[in-house]
Amino acid sequence: MDRPDTSPPTMMQRILASDFVFDFTRAPLAMLAAAVVLFLFIIAILAPLVAPTNPFDPASLNLMNGFTPPMTPNMFTGQSFVMGTDDQGRDLLSAIIYGLRVSLFVGVMSVLLAMGIGVSLGLVAGYVGGWLDNLIMRIADIQLTFPSILIAMLIFGVLRGIIPPDLRDEMAIFVLIAAIGLSEWVPFARTVRATTLVEKEKEYVQAARLIGLRRGQIMWRHILPNVIGPVLVIATITLALAIIAEATLSFLGVGAPPTEPSLGTLIRIGQDYLFSGEWWILAFPAVTLLALALSVNLLGDWLKDTLNPRLK
Amino acid sequence: MADRPYLDVTGLSRHFDISDPFLARVVSGGRKRVLTAVDDVSFSIAKGQTYALVGESGSGKSTIARMIVGLERPDSGRILIDGQTAFDEAGGQAQDDHLRQKLQMVFQSPYSSLNPRWRVGDILMEPIKAFGLISERGAQRRRVDELLEQVGLSSPDAARFPHEFSGGQRQRISIARALASNPQFIVCDEPTSALDVSVQAQVLNLLKQLQRDLQLTYLFISHDMAVVRVMAHRIGVLKDGRLVEENEAGKLIESPQQPYTRMLMESTPRFAGGVG
Amino acid sequence: MTAPLLDVRDLSVEFPLRRQRLQALDGISFSLEAGEVLGFVGESGAGKSLTGAAIMGLLEPPGRITAGTIALQGRRIEDDAASVRGGEIGMIFQDPLTSLNPLRTVGDQLVETIQLHLGLSGEAAEARAIELLEEVGIDPERRSAFPHEFSGGMRQRIVIALALAPEPKLIIADEPTTALDVSIQAQVLALLRRLCKERGAAVILITHDMGVIAETTDRVAVLYAGRLVEEGPTADVIAAPRHPYTAGLMASTPNLDAVSVDTVLPQIPGSMPGLTALPSGCRFHPRCGDAMAECARIAPEFADGVACHKYSAVGSMKGKGASNGG
């Protein structure tokens, strides 16, 4: 009589019955944002299947197609492109789809890198404490005093200097990921440290100490699952920042190489033609970037409000 | 074999540094300040018996409990558990797996003592795995079922999360976890003070029944004289970190020697009804 | 006489949640005369604190009163609790720091309250504040100290002085001594009781502790899962509890004079249901040793001080001879 007589719900039932799903289905803006993000992710992943042409295949380019406006047949070839073409006759829609792919890849990977570094350092700082905590958090403080784009540029420059010149273009994407990832770990570390400080005083952690578990085991198995909520919120918000950071770096010409253009690279190219009337070369990549960053941000804001009821 | 006490604590002390941070002290010219939380406390518990430490907040009772299980380091004194040295001044803390396995704790809060992200089955499995008590998976699961039944829950509960249970049920899970390593000695730190009265009796009765069935030795920490009276064979009264009085439970309640003990008993609310 | 000091009729409180509405209080009725100390006892979640909050108009949104009336000396206040809060009705919370401003001295806070509600001049208010501090056993010399400079028990005495300053007709004390040590608890409760008796102010004392009820209150109301199950003079209820829940609650509370290490405490099986999973009929029936077939189907009416089929027409056939045991 002391216990519910039904059997425990399955994982799927738990998820469907959760407040999280309930709130989500009643937040139209969050649902719209999620739909946009999901749509862009799917397109990016399936790029070779959905893009009309492969913009990196020189065989598919025809210089005669250059500067074709959207939805207008080219005066020489008669070909028509939904979003027009750039200076080299590249189909802009295809370029955007492939560019999206680069942008999202760099964004997601650099967030994972930042998350890995930040969560680990935050856990150690919070749980072990002492001089290690001081060291980690002072480094974080120092890093916070500089704009993260500046730090990313610095890291980018240093890493490029280390890499042999013939590998630079090949490694450019990974250098970009390292630069952005290393510049965004601080918020993860700070949040995880704060949550860890609270969690480590709880009695379940003391119970784990009583059976002789080592620090690493307690951090990994007991504390980590309890700090993951806020980490997901920060990850989403950082994803938007990382995508923008990547675009900024690429726009400044220190990011993705022209052989593998990201949205930022496309915007930089398009910028040259804005005042000569070829507006579409800039506008379509820019709108795509805006839609992506805005949707991810909206989703992050909603997650923050939902997972953190104290802030309401 | 019954002659040697199961737990023997001598001259246990613990001080806390409560002074301002070093720099602030230098600036303000303040001194180091030390709070004596536990001051030269000695007592022993016979095997299979319950010893209760009773006192108000700040009396040092929880600090003693934490020092005995090894969560906190004493400054001086000696702790012997089942003849094995758990702490002495010369050798420091000497907690090994052999000792840890005999020693468990039930905590005060049924809400923060269970990891909210873990299923009950995993919570109970952890000590079994950590001490390598059972290696075969089927046998591990049977042991979890057995533990759940021992505390009045049932095997489907293993698949649930802590938040699906009431406070009293959570405290049962906490007790089951303490039992999972087959301990001989359990420290109960105010195990019912966060529970409702109608549930408190269930948990107290359960602890007593488990003591009989498994020959457990308890150190029971509480601020409630009436609860202590139900649980303990011997009672020690703590005030400001010192043991002011100690006696066999019946004698202490019937003829308290210290004014502080009498005051504690007189201020315990009571009513002329209830059991007995 | 005229209308009672406080008259609460069929008070119901609801919390709309995501998927359902939780009825946290269901048809609570009671009244209170001037100078009376009424205790509300029950487990956490039974609704005792909510009753106090509803009277004070301090329900946390989205909680709201869905039915019933609350009348203070015949005047309906359920829609306008703000007009009586802090003046005609005073409140004492478990944590004294929630009622005290940490940045102002204790004396300032008292003087301000007195001036605001009694309209006294500065000097008269000051004199009144000194009187009040003396009455609650605090050296008036310490009125220029800040709240954090006092111990927990002393702070709660200051809160009592603050609550009494506007000369309220009713004081609602929600677990006022739960955070205090037992030795201080007894003093604070005795003080609260004495001062209210002297002034003819009524008290609603909310607690989970039957011992506190027995030693402090004139009448007691027992709540279970949002419903009133028993109400009556404290002495009568303690001597002969009628509802099986009250009886079980008392039996399971260890009594210092009557137990030993060999005692097996009588226990109520199970635990109080959450508001999301309330049983049908009488909400106590799944845990009740005296439950009859009717108990699972029909909720017992509250009549003659108790809500139990043992005493109603439905259960009179079988119920009369049933024992009170838990």
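Chains: A, B and C, in written order; residue numbering restarts at 1 for each.
Quick note on the criterion: a contact is a pair of C-beta atoms (placed from the backbone, for glycine too) under 8 Å apart; a residue touches a chain by one contact, two chains touch by 3 or more.
These numbers come from a predicted model, not from an experiment.
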Maximum distance between Cα centroids and chain B occurs for chain A
Sorting chain pairs by contact number gives first B-C
So, what's the distance in Å between the C-alpha centres of chain C and chain B? 32
Length of the line joining the C-alpha centres of chain A and chain C, rounded to whole Å: 54
Centroid from C-alpha atoms only, then distance chain A to chain B, rounded to Å. What do you get? 48
Going by the touch rule set out above, which residues of chain A reach two or more other chains? 2, 4
Which residues does chain C have that touch at least 2 chains other than itself? 269, 271
Which parts of chain B, given as residue numbers and ranges, touch two or more other chains? 168-169
Over in the complex, which chain A residues touch chain B? Could you list them? 2-4, 7-8, 202-204, 206-213, 222, 225-226
Would you tell me which residues of chain C are touching chain B in their complex? 43-44, 181-183, 185-186, 208-215, 238-239, 241, 248-261, 263-269, 271-272, 274
In the complex, go through chain B and note every residue touching chain C. 50, 56-57, 166-169, 196-202, 204-205, 208, 223-227, 229-233, 249-250, 253, 263-276
Which residues of chain C touch chain A in their complex? 18-19, 269-271, 277, 286-287
Enumerate the contact residues on chain A facing chain C in the complex. 1-2, 4, 19, 22-23
